[in-house]
């Protein structure tokens, strides 16, 4: 029941907030709802519910509305509900169009994401999967930056195309189930699909997730979208929605088409590693802060994809840890990029520089986020990446070497970005730049404390995913 | 033993106080707090030394908490207190304290003095983690931590883009090494199922000497050490690291950071003893670096650059010692080097301070009378680094040289050659700075305040007497320092040289050193030669030396440029011409298909009717056929 | 009644079928190849009536009156349809001053 509440709070408050008149009232309400959801999430973490929620839904097709959680989904739900209060807060005090509607869309996204991560049934999963896309589409389209129409359209069609493959796959699996058909994951997991079928079914299912993550070469929607997106849009997209792809792949591929995974494993790992190097190398000739962050995100996600398909204990636990750490870090980075844009009017490097003179604290916090992103020890990024590289190493030395290159390449471009934005002499045009205000602290300090805190005390997260990780490796 | 926790925690506390309170602390408060906490940390280290001694144990482990625990990967956040780490802790905190105190004077009046001390404390903290960690991962935390702090401190004056570039270069070069290091740790882990020192070393004996695994592990770890300890080919960051304030250079070169690689290899001595191939590689790299950097040092005109190349060169000697299996000798040289190199840098800082920021030795001269304390201490350090008895450098360097002779007289000859070059450029520096006439008109050098000169004096005493920690048997000593380390470090025992040979070698080197010193005196004091200005065309070889053999340019051409063009290529060609269009063309294809099918619906009723009839007929035919 | 049935049955069923198919085809071809809307409407009527005839013939052969009921029904619907068709025709004449079917090509997006 509590899981249903987790779903309903953002959904209902999302609908309600759309009818608010006052800007501030809408924001306060939205934040309150998101924080409430976070509190409930933490409650669920502390008192794990063994029983899920189940109700009749589409009777004639034998599809139930059933929700439940395991270690993997707990990580995802925690990340989602942790980030959304900050996402909503990131809009405070800023002039935005139609604030009630914006907050409503954000909360609806949150509801859909919670649904995706709790659904125990492929059909329900799919419904939420698509449902998450719709509000994000509008957030990007209405509140986005330059060129938003064509970029949003491309993003939408790209992801939708992937989803259609997924739908086909789900229907195919549905009619394979014995007796009165069902779309429950538990039934799907018990299917013994011949290897021949699994090899092609793998891609049918994987394409949707590969696009969402994104994995090379399905990534071309991502950099322009992140660059164009409003801060809140980028935080949602990069922080949580990329994780949908990872979650989906873990949920569908490993239990349902294990032989397909085995067959394609080297291909996907190599695609992932290509993505790591490709994105990193591209990143360091980019001249825009947001695009650079976007490519850095892609590099990290590619490493996660590679680690996922290695699928040994270290890799999977590292992956799930990195889900948390990457989500938090990238959200902080996008918020910082937004501040850069606000204070200077640009995110192009050639117009930036020397912000540290006027805003030293801003520079320090920016640096901490950058260090988290380049996986310095005692930040969360290190624990995740170290374990993933360990997982890759167990499979092959060369995987680990190429995956580890992200350590070097990431340092090159992220420190370059830091230098171009923050360091250097005072520029006359930035004479009026001010340091952070209280709202910025409220958003950044918790995120950065989490980055460092998880790096120093990672064990709680591992305890949380203990069950899931071993189950997954066994399935493989 | 839980006292050990205080050692890293005190500098961390200092970092937090000076870092968070950076707006509130006035004047020298930050400096005093930071220095006091590091000094306290030193006192705790010394106390630990005596506690361990009285407890009769060789080592103790202090576990803080479980850091990562997954499957068989169990990494506690724990500290190992043994003779090696205690030695390093005392060097780090002891020298660190002096440098901190000195900085109070040196950085006085800098607007960001508070964040300077915060970063210095963080540096000390990271280095302490590095030397105290009881497993490779905690060591790695400190390992990367000192990389970060060097980045911050080298780029301390962030308004200068060149300094920022130098800082970034240091971090990235270190990261290249770190990748090798972490791969080494992983291979180690998957071989031994543990990363804790004691467990790894216990199981290492089971491995065959020279097996591929152990060679690979040690080589990968070595890559990390090459980056951190600035050896060929990853040394170019260290001379550039001179961009930071001078006390930072002292900290990096003497007490922290560059000694990390030596420490790590000495710590892993058991593993390295099993890998003779790696040891040979270390010998070659160490010797090459020692000589190569010394040659470059001959032609540098920036006082700090000379010292930087001398550090690279001295590190080469330490590597040579490591490669010869004389780990405790290497650590001994680390110790004496820490004394005299800190002294040299702080002395150089004092000179720069006196000259109002001038670093070019061609513009100095005649400072002997103006800066008497600085001169005398600098002289002590120069004598020490040149290996003149009874200064500390003599003992450590001579031990390395005799080890080299035991292995191969050829090695000895090369190493001695490097030592002579070292002696020459150090005396060149000394003479150019302190002797002769002042070559800059309107500067009025003045001796530095007490807060700076007292640390110099202490270090001078240490540089002079430090060698007596480890008196060789030849001089009736017991090698106290080396035997103290024996419980933690397993040195390879070579055949003892007979004392006559050793005496002969020492006499030979002393005679040669005397000739070199005289030659330098003749050139720079008697003839008062001053190195040519930048505009003068030098002969080809000298020019190459003055330009550091164009290694930076080479790296730029081989790595930076191709990587940049690859980046542009990937973006402009692959991304924009293949992947993007691929997606766009799928979209466009749909539109084209639409345009084609659209022609069927021109709105012509006759055509619709025709299509309808044709369809029905086809259908009928289809049914009839079936 | 019985006489009519038997009278009809004098002529073999094949003849009816052939006649109806011929009429139907004439109507179909008329629709396909004529551009004059009046002729097309007439062709449609022709097709309808050929079917009517066939239905009536079958009805008689099978002695099932239901077929004839259908015939009447179809005739009524056809009459209504002709009324609509002719009014469209009139409107068309008024609007485009022609009854050429190809002028009505607005049925596209």
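Letters are used for the chains, namely A, B and C, taken in the order the chains are written, and counting of residues starts over at 1 for each.
Just so we're on the same page, a residue touches a chain if its C-beta (ideal position, glycine included) is under 8 Å from a C-beta of that chain, and two chains touch if they have at least 3 such contacts.
A quick note: this is a predicted structure, and the numbers were derived from the prediction, not measured.
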Shared chain contacts [chain A and chain B, defined touch]: none
Closest chain to global C-alpha mean, per-chain Cα centroids: A
Chain separated most widely from chain C, comparing mean CA positions: B
CA centroid of chain A to CA centroid of chain B, Å: 37
For chain B paired with chain C, centre-to-centre distance based on mean C-alpha positions, whole Å: 100
Rounded Å distance, chain A centre to chain C centre (Cα mean): 66
Junction residues of chain B - those touching two or more other chains: none
Footprint of chain B on chain A - complex, ascending: 154, 157-158, 217, 219-221, 278, 281-286, 313-314, 317, 354, 356-357, 360, 371, 376-378, 382-383, 386-387, 389-390, 393-394, 397, 400-401, 404-405, 407-408, 411-412, 415-416, 419, 422-426, 456-459, 462
Chain B contact footprint on chain C (complex, rising order): 28, 31-32, 35, 101-102, 104-109
Residues of chain B touching chain C in the complex: 601-606, 608-610, 613
Contact footprint of chain A on chain B as seen in their complex: 65-71, 73, 115, 137, 140-141, 143-145, 148, 151, 155, 158-161, 164-165, 168, 171-172, 175-176, 178-179, 182-183, 186-187, 189-190, 563-564, 566-568, 570-571, 574-575, 579-580, 582-583, 587
